[in-house]
Each structure stands twice: as structure tokens, then as C-alpha cells.
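Please go over the structures that come below.
Both of the next two complexes hold chain A, though its partner changes from chain B to chain C.
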Partner chain A sequence: MTPPSPSQALGGSLLAAAAVAAALVPSFAGDYVVGNLGFRMLEYAALAQAWNLLAGYGGLVALGSGAFIGIGMYGTAKLTLGAGFPLIPALLVGGALAALFALIVSPALFRLRGLYFVIATLVLAEALQIWMFNWNGLGGSDGLFMTNAAPSPSERYYLALAIVAATTLLLAIILRTRLGISLRAIRDNEDAAAQMGLWTFRTKLWAFMIMAFVMGVIGGLQADYLGKIEPGGAFSLQWTVDIVTIAIIGGMGTLWGPLVGSLFVIWLGERLANHPETHVAITGAILILVIRFAPYGIWGLLIRLKDEASGRRRRSRLA
Partner chain B sequence: MDWPSGHALATALVTGLLLGGLFTVTALGLSLVFGVMRLINLVHGELLLVGAFFAFELGLHTGLDPLLSLVVIVPVVFLVAYPAERILLGPLIGKGAEAPLMTTFGLSIILVNLFVLVFSADTRSLQASYATDSIQLAGIDIPLIYAISFGFALALTAATHLFLQRTGYGREIRAAAEDAGAAEVLGVNVARAYGITYALGASFAAVGGVLVGLAFGFDPSSGTSWLLTGFAVVVLGGLGSLKGTLVGGLLLGVAESVGASFPQVGDGYRNFIGFMVFLVILAVRPRGLYGRTG
Partner chain C sequence: MSAAAPAASPGALLEAVGLSKHFGGVLAVDSVDLELRAGETLGVIGPNGAGKSTLIGLLSGALKPTAGDVFVDGRRVTGLPPHRLARLGVARTYQIPQPFARMSVLDNLMLGRLYGAREGFLKARRECLEIIDRTGLAEFADVPAGSLGLLRLKRLELARAVALRPRILLLDEIGAGLVESELLELIELITVLRREVESVLIVEHVIDLIRACSDRVLVLDWGKKLIEGDPDEVLRDEKVTAVYLGTGTRQDLRRKAAGAAKRDAQPLVSVRGVAARYGTFKALHDVTFDVYPGEIVTLLGANGAGKTTTARVLSGMIPASAGEVRFRDERIDGRKPHEIVRLGIAHCMEGRRIFTDLSAEENLLLGGRTAPSAEERRRRLADVNELFPILHEKRNDSGGSLSGGQQQMLAIGRALMADPTFVIFDEISLGLAPIAVDALYEAIAALHERGVSMLLIEQNVERGLALADRAYVLEKGVVALSGAPAEIRSDPRLRALYVGEAKGDT
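Moving on, here comes the complex of A and B:
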């Protein structure tokens, strides 16, 4: 089964239109919508998009997002605090640190296939969190305060939008290159891909490091927004829970899925803001239904609806 | 380097071994489901908590002793889990590993939040005299509940082994675990075998949850750490090996207790030690100690 997608030209212009629309939001919306709600939607869209590269296109389900986000958070905090870096270079270095961590753990992780890989990533993030709780080098369980003035709501909105746009564009480009083709070949059959002469390790590593980098950058941005970080939040399993639900509900293995998913899940959370537990429980139920009945998520459903509508039009024209 | 005293080391060794029995019980269901269905049951930690909350409520309303209440809890959990598996996971079998995995992920999210809604986020524990008593063994104080858990570990592992080897259902489950497609062709009801496996796994989880509630206490979010401990045990022992799960549990208990008894390490790193042992074993010997080859 191939993922649903609009024709390439249409897909490109649709994405551009969405980016323009998102860029116009701060010109009419209030500070809360821009600096909080919209900002969160964009952050999660970028995170889910990054996860989508590895899981949706590479078939590698990593449940340790908290590790990379947390490293980005602490990296950015340390750089802006101690070394006096401006925010954007600090974000980039934070992302690079997360990617470096991915590089270091990759020889061990990529020895593992399928279910073992899933478990190992989950445990890795959790082990890192426990380490950070106990080790006093970076503030221990108290965490770190950041003294930098956080950017204004519209500044951080545009930063997040830029990261989403760059990530989505990067994915779109990667999917057309040798790397993207190898990645999907590995997803479909790793042994066959290796037999065909593909460098499976190198392909997986690239995707893994790109994911880690984006997650690290978003982590840094979130740290700057919060102004205070501690291991419980930074390395939390909650990151993975949110990212995975957003990517799957939106549509894994499609470029639009993570974007649509973030819009929907964060919007739902806003509607049920006074009942957070109910919100998450409902999200879980939607997740189960989507997995069962809509393998390509909301985005897949939209495309199917559109195809059926245009199919009907064509048929009625013929009649 | 500071070494713990001989007595402290011996205490750590013995309590670690018995605590490992508790680890085994909490991991047994995970191991069974993993081994037979090739499914990482991400809701396993919450199934543990189902047992713990169930025992808590039964104790509150009827005054039933936590361990005695297992007589009620285990059949109820089994009878709910069997149809739940057939309805929620059954249709996804054969659609790749991700769909059922993510479904259990969704179930876990739902249960955690239902626990908070129904029971609040407070930490609770199950009350019984044997939860706090300790016994003397060769001059070493041992928490009685650890010793009880160790007994449960041996009994449940042995009972599961006999069930799988000696009964018709057990034979069907083993066949389904070996090669579901071939078993199906030969007339094995694989869907039913999976349902029974999952329901057994959930029941074992509930037993583990009651022991956890007695020994440590619990809250709606403590499922995750028990899930991770369960992974460590299952992977240490090896996929699809009951003996491995028993040995893996005991080994993990000893490693954590002995590691934490070093003065320069301390108790805060207890879980960290467990996870590091796990990650190293995974990297060096992905099939675990008793894993099947191939």
C-alpha cells in the first residue's frame, strides 16, 4: 500500500500556501494564540515531522524522544547561561549535541532490530533521565534557571515556524534523494536492502541524526520559553507520548500527517483544557481507532475523501 | 575505593535475590506476550496497576486481604483481557508489528488517565502485616514481602511451564509461538491461543501489581517504571524463555541491590544500574542469556 499524496506540484503549492497562512497568523491573532497555542502547535509539528522521518519512512520506531529534546534543552541552557551564546547559535549547537549523542549510541542501537530497537530507545531516555536526576553537574534534580530574556511571542512563533518549514522541506528533499529511497527500502525489507548493496547502517544513521538534531533544536527553544528546566520535564516520556500520538493520528509516512496531527491534537487539548486527563484519554482512544481504521491517519482520510469526491465528479461527467 | 562491609554486601545479595523474585513476577506476563505474540505490550505497566487498584478497592469495601483478593482479581482480569485482546489486537495481527504495538501504547495512555480521573494522582499502598514485617535469615533482616514474592516467582514460573508443556491449550500456544502460519494451517486456533496468552499475561501482571502495591506503593503513573524493569528482565533472560525470565529477574535484583550498596553509588542510581546492565547486555548479546537462536 502506498501512502496517499496529492500530485507533487499540488503538494508543493499547498505546503507553500500553508506556510504563508501560518506566517500571517501573528498579524491578526493575540499574544496567547501566537506565543502559546500556535507556538506549541509548531513545536509539536516539527517534533512529529522529525519522528516521522525515522518511523514513518524508515520503519524505525524510536520511543526515546525525551533523550534528544532533553539534551537540546540542557545544551541550549548551558550555552546561553554560561558561554553567553545568543539564542539561535545556542539552539543549533544544542541540536548538534543531540545529533552527536545519536551518533554515539548508534553502533549499539542499530545492532538491534524491530522490537528490540523500540525497547532500547525507550530505556535509553529513561536511563538518561535518572542520571540527570542524580548527577549534580547540571543542577541535579533542581535543574537550571535561564536568565536570558525569552524572545517575544511573535519572535518565538516565527522561530518555530522556520524550524517546521525547514524540517518539512528537508524531508521533502530527502525523500527524492538516494537517502530517502534507501530509507524506504530498509523499512520495507532491511535484509533485501542490504543484499542489494545499500548502506543500511549509514542510511539509518543519517535519518537518526537528523531526527535528533531537530528534536534538540526544539528542546532548546522550549527551554528558552520555559526559563527553567529540570530532568523530570526535559527527559520526560510525555514527549514521546505526544509526538507519537500526533504523528500517527495525523498520518505516519506522509509529509502532511505530522502537521495536520499537531493542529488537531493541540486544538483538541485546547478545547478540553480544563480536563487534561479526559483529553489525553480521548486522544488515546482516537489513536487506537486511527490505527485500526485509517492507517494513514487524518491526512489519509482527507485524501481518500477528496479522491472519492473527484471520482464521483468524473463519473457523473461521463454519465 | 570504598567497599561496603561484608554484612552489608551479604544483605544486599540476599535481599536483591528475593527482590529479583518480585521483578520476575512483574515481568512474567510481558515475557509471555513478547515470546508468543512477538508483541511489546506497552500497557503491561498499567495492567500491573489494575491489579493494585483492584486490590485496594476490594480491601476498602470488603476488608479482603490483598493476597487473598487475588482469588477474585485474577479470574476477573483474565475474563476482561481475553475479549479485549480478541477485539482490539486480534484484527491487527498480520498487519506488521507497529499497529498492535501502537494500540497497546494507546491503551496505556487511556488507562493512566482513567486511573487519575477515578482514583486521583495520590500515592497509595496496600496494607497488610506481612507488607512491613521482616524475617531473620542467618543474621540478615529480610522484608517478608520480598520472600513471599520470591515464592510467587517460583510457583508462577513452574505453573506456566507445566501449563505450556502438559496441556492442550499450552501446546497450541507453543505452536503459535513457533510459527503462527504453519500452526494455523495445521488446525491450531491461533487467534484463541493469542487471546489466552494475552489474558494470562494480564493476569500475571495483576498479581505482580498486588505484590508491588504491598512492597512499594503505587500511583497512576508508576506503570512505566515497572514496564521498563520488565523489559530489562525479559531482555536479560532472552526472548521467549521462561527460565530466562526467572534468571533475568533474579540477576537484575542482585545487580541493583549490590550496586546500590556501594557507598559512592547510592540508592538513587538503583534503577540506573539496572538499565545500564540491560543496555550493555542488549548491545553485547541481543538474544539475552537464554534466548533462542535464529
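Moving on, here comes the complex of A and C:
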């Protein structure tokens, strides 16, 4: 079964249209929708898109998102506070630190395959959190306060939009190049891929570092938005849970899935904000239904409906 | 091993010196010396468990040798990771095709051209399309590899290996599971591709393929090199005949009780106008046949003719979309598999499907779940152990550690634990050495003497007909031919349907 996708040209213009539509939102929506709801949707879209590269296309399910987001948060916070970096360079360096961390842990992680890899990434984020709680170098369990001026709602909205657009564009390019082919080959059969001359370690490392970079950048943006960071939130497992939920509900292994998923899941959370238990229960039920009946998520369902509709049209025209 | 470092001999493109591989306590390959000269095709044959696939794994870098060395073009490559060996020009195929299932056929090849052959993207794409064309996969270039049938997957294995632009091609059982006409197609393909690589090593059970393709033959037995030389001489050698082909119990296999079937009685199994489909693909159109009590009926046909689908309909794994199946005059189509097993129909599935992590005995006991009492289960276990003493001997070994032939015995034994009156055997000889198949067929003959009726599904015509009371030949989902074995064997249509037109004079 191949992932559903509209034709390339259609896909490209649809993505461009979506980007333009998203860019127009601040011109009519209020501060809350732009600076909070929309901002969160974009943040999660970028995070889920980055995770999608490794899990959806490379078949490597990493549950340690908190580690990279947390490193981006602390990196950006420290750079803007202490070193007086402007925000955008600080975000990029924060992302680079997360990618560097990915590089350092990769020799150990990539020795492991399948479930062992999954568990190791999970443990990694948890261990980092515990360490940050107990090490006073970066504020310990109190964390850090950001004293610099926070960007306006529309500023951070556009920053997040730029990151989503850049990540999605990067994925679209990667998927058409050799890195995309090698990632999918590793997902389908890592041993056979090695026998074809592919140094699988390097391919996995590239994807892993790209994911870590994007997560680090988003972490930095989030730190700037919050104004205060502490290990409990920064390295939280909740990041991973939300990212995985969004990617699966939206559609793993598709370019649109994480975008659609983030829109839907965050919107649902907003509607049910006053009923947290109901929210969790409904999200869980949707997750189960999607996994059982829609392997490519909401996006896959939309494509299937569209195909069936056009198939019906074609048939009725023939008849 | 001697203290002096082993050196490569000149003229050998690929060389192994004292190559050994242990798996736990098992010595799979035992100090094998091997030389693949530039320009030659070397055939490697040997019974199941002789270490042939392990040898391919060692030569391609997928496995690290316990001792010994491998040289490519005089350069020591022992212990290099597989991708490095691939880039040095060593390509392999897998016995069981390992495609990148969710990728297109084109992308399957692209990987090799991009990384193994270090080619630029656009040029690689063009060249891969050429290879796809030459290997007869042109119309499937954009199709996900996972949707291809076995013959095309084998072609893809070859195409993918060639995409690496290798100097050395290691082919692992490329002929396994194919019927004769398909084999001829494959031999042709190998002959065409042969020109693109310097040397080829073929591991194979199918002697015709070895004879057609190789310059020299090497025989492995229990991980050791038994003999090596000119193909005709080697294949004539008595040692080889004894080890590889078995000592010819084929004649004894002809059943003593032939004709004992009660044809005048009511059929035990009656299949009437059955059709079945996978999604939109109609695998069976109209299949009608009977099995009478005490009979062995053989179902023959090329790959994709619908043999396995018929078996699946009988055991309730897939529904019939038309027609009916009766067992002891009772409609059983539409029933669930576990209900059908309880009626006394066992299905020994293609590909063994044993539980690899469970012990041999646990595998058997699971098959005896339908037994009414623990005592009855023990009786059945004793029966199976009598039929296959080796399973008793290996009762505590994990299913995955058994040899191919033993695994097939285990699969049969597991089916028998349900104490069936009717058993479906689907391709039990697949991928096994003749001697192992002889042992299985002896067991089947013994089983038949106990009064069990059966449906044998075989791709090997002679094997299938040797035991049969009657045979049916399927073609594209319909019964094309039926009758007694002698009639079928001499029917000219059989060759046309099954063996293929390509083979002229034999």
C-alpha cells in the first residue's frame, strides 16, 4: 500500500494556497486566535512534521521529543538572556544544539533496532529531565526566567508559520532526492538497504538531526513565548504524546498529515478545554479508530473520499 | 589455522580462505575454501542445512565469519559492513525476496544505482528504467514492490542486484518456488544479465538451473566442501548423488494401498463451482472437484493458478464468493477456520508458518488444542513422534532453530495434532532438498495407510503424481484437466498448461 497523495502539481499548489491562507489569518483574527491558538497549531504542525520525517518515512519511532525541545528551550533562553543574542539567531543556535545532541547520542541509539530503539529514545528524554532537575547550572528545578521583550502575537505567529513552511518544504525536497529513497528503503528493509550499498547509519543520522533541529527551534520559540522555563515542562513526555497523536491522527508518512492533524487535534482540545477528561477520552477513541480504520489518518481518508468521488464521476460519465 | 596470514591467490575475483561460521553450538560453515575466478559462473549446491545461504551471507558481509578470510580482487574484506562490500561490487539476492515493499519498483532499483554504483540522480533513474525494461518489469516501474507476485519479485531481486552495477553477483536460490516454464524464463534472464557482471555465484536446489548456467560446481554438505569441479562430472559423482539426491526411495514410495479408495461411496469433500477473490482480483473462477474417503487427490498448476487459494477456501481462511464446499455432505463454506478444524479438516499451510520462538513440542501441543482431553492430546503427540522421530529428539529446541526439512515436519505434525480425517498439504516440498522431500513423502504415505484422506498441492508434477489416486490441474482459477495420474502425465495438454511451451525436446 502506498501513501495516498494528490498529484505532485496539485499537492504543491495546495500547499502554497494553505500557506497563503495561514499568512492572512492575522489580518482578520484576534490576538488570542493568532498568538495562542494559531501559534500552537503551527508549533505542533512543525513538531509533528519533523517527527514524521523519521517515523513516517524512515520507520524510526523516536519518543524522546522532549529532549530536543528542552535543549532548544534552554539553549535559546541562555543565549538571549546571557549572551544577548537576538531571537532568530538564538533559535537557530538552539536548534543546532539539539541536533548536536542527536549526533552525540546517535552511535549508541542506532545500534538498537525496532522496539529497543523506541524505548531508548524514551529513556533518553526522561534521563535528561531528571538530570536538569538536579543540576543547578541552568536553574535546577526552578528553571529560568526570560527577561527580554517577548515578540508580539503576530510576530510569533509568523515565525512559527515560517518554520512550518520551511520544514514542510524541506521534507518535500528530501522525499524527491536520494535521502528520501534511502529513508524509505530503511523503513521497508534495513538489511536489504545495506546490501544495496547504503550506509544506513548516515541516512538515519541525517533524518534524526533534521528532526532534532526543528524540534530545538520550536522549543526556543516556545521558551520565548512562555517567558519562564523549567525542566518539568521543557523535557516533558507530554510533548511526545501530543506529537505522536497529531501525526497518527493526521496521517503518518504523508506530507499533509501532520498539518491537518495539528489543526484538528488542537482545535478539538480548544473546544473541550473545560472538560479535560472528556478531551483525553475522545482523543483516545479517535486515535484507536484511526489506527484501526485509517492507516494514513485523516489525510488518507480525505484522499480516499476524493478518489472514490472522482471514480464515481468517471464511471457515471462512461455509463 | 596456521600462523601465517592467508593470502589471496592471483586470478580470483572473490576468494574465501578457511571460512567458518558458528551459530551458538552449530557449525554452519566449516573451513570452506572457495575461489570465484574472473569471468566464471560457480554453482553451489547441497542439501538443506548444508550452509549455502550462510555462505552467501558471509561473502556479502551480512554475516561476520567466526574464522577465515574473504578477499575481493586480492583485497582482504573480512568483517567489512555490507554497504562497503556492495560498493566494492558485491551484490546479492535473497532466497525469500526482500523487496522494499512500499516503494515503487523503480525506487527499489534507484537505491543500488545511487549508493552502490555512486551514480547521479537523473542518470541513475534513466539506467534503472533500462534495467527494469530488460528484466521484463517495465509495466510495473511505478507499482509498489509489495504487490508483485513471486516470479516478478524474483525478477526484481535480480534487477535490484544488477542496479548496483556489481562485479560479482551472488544469487541465493533464485529458482525456489518457480515452476519449470518460469525457471526457463529466469535462466534466460540470468544469461542476459550474465554479460553485465564479471562473475556469478549461484546457490541453487534446481539442478537444471545449475546445469544451464554454471562453469563449475561446488557441493557443500554439513558446512564442508564435499567436491568441486566440472558440472557434469560433479553431478554424476556417487558421493553427490548419495548426499544430495538421496538414495532413491522414490519407487518404494508408490503406495501399497493404491486403489483402496472407496470411489462408490459419497465424496468426503465436494467442491462445486467455487469462486474466490482478493479485493477486485478474482483468483478462482469455477473450481469443481471431489475427494473420496481414503483418497489422495493432487492439485497441480503454475504459480498463480489458484492452488493455494483453493486450499484457503477449503479451510475457511477466505470466503468463497460463489459455489459451495461440502464435507461429509454438510455445507462448510462460510464457516470459521476453527470450526472447520473441529470437523476434521487440517490445513498444512504453504511456507510452514511454525512458531519460531516456541519449542518443537510446544508447536505440536498448540496444534492439539482441539483434543477433548489431555490424555488424547498425549496420544496424538505420541503418534506424531512415531511418524517423525526427529521431532521427539528435538522436542526442546525452538522451532526457528530446526532445519528447513524439520520445520516442514513440524508443520505437518502440528496439522496432524488436530486428528484430522482430511488434510490439505500446501507445497510441502518447497525449497527443500530432494532427500528431505523423500522423507516427507514417506511420512505422507504412512499417514495415508492410517486412513487419512488428503489434498496434495504441488508445483513438482512428478512428486505430486507419484502418490495420487487422481489429479486436477488448475489454470487461471479453473480446472483445466483432471483424471488418473497416468492419464494426466501422458496428456499433451499438461505440458502446454504447466511445463510451458518453451521447453522443446525433453
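Quick note on the criterion: the second predicted complex is superposed on the first by the 319 of 319 C-alpha atoms of A that agree within 3 Å, B and C clash if a C-alpha of one lies under 4 Å from a C-alpha of the other, contacts with A are read in each partner's own complex, and residues count from 1 in each chain.
Rule of thumb we're sticking to: a residue touches a chain if its C-beta (ideal position, glycine included) is under 8 Å from a C-beta of that chain, and two chains touch if they have at least 3 such contacts.
Since the structure is predicted, the reported quantities are computational estimates derived from the model, not experimental observations.
J.: Would you mind checking whether chain B and chain C clash or fit side by side on chain A after the superposition?
T.: clash
J.: Report for A:T177: first if it touches chain B alone, second if chain C alone, otherwise both or neither.
T.: In the superposed model, A:T177 contacts chain C only, not chain B.
J.: Any idea whether chain B or chain C touches more of chain A?
T.: Touching more of chain A: B.
J.: Quick one: classify A:I210 as touching chain B (first), chain C (second), both or neither.
T.: The answer is neither, since A:I210 touches no partner chain.
J.: Have a look at where A:V280 lands relative to chain B and chain C in the superposition and call it first, second, both or neither.
T.: A:V280: touches chain B, not chain C.
J.: With both complexes superposed on chain A, which partner does A:N189 reach: first (chain B), second (chain C), both or neither?
T.: After superposition on chain A, A:N189 lies in contact with chain C alone.
J.: After superposition on the shared chain, which partner residues are touched by A:L124: those of chain B (first), chain C (second), both, or neither?
T.: first
J.: Per the contact definition in the header, classify A:L263: touching chain B only (first), chain C only (second), both, or neither.
T.: A:L263: touches no partner chain.
J.: Which of the stretches 8-16, 350-358 or 458-466 of chain C runs into chain B once the two complexes are superposed on chain A?
T.: Stretch clashing with the third chain: 350-358.
J.: Both chain B and chain C contact which residues of chain A?
T.: none
J.: Give every residue of chain B touching chain A within the complex, in rising order.
T.: Within the complex, chain B contacts chain A at residues 34, 38, 40, 88, 91-92, 97-99, 101-103, 105-110, 112-114, 116-117, 224-225, 228, 231-232, 235, 266, 268-269, 271-272, 275-276, 278-279, 282-283, 286.
J.: Touching residues of chain A toward chain B in the complex: what are they?
T.: 59, 61, 108, 111-112, 114-116, 118-120, 122-124, 126-127, 130-131, 133-134, 237, 241, 244-245, 248, 277-278, 280-281, 283-285, 287-288, 291-292, 295
J.: Considering the complex alone, what residue numbers of chain C touch chain A?
T.: So the residues of chain C in touch with chain A come to 60-62, 81-83, 86-87, 91-92, 94, 98-104, 107-108, 110-112, 114-117, 121, 144, 146, 160, 163-164.
J.: Show me the residue ranges of chain A that touch chain C in the complex, using the header's touch definition.
T.: 1-3, 177-178, 181-182, 184-185, 187-189, 191-200
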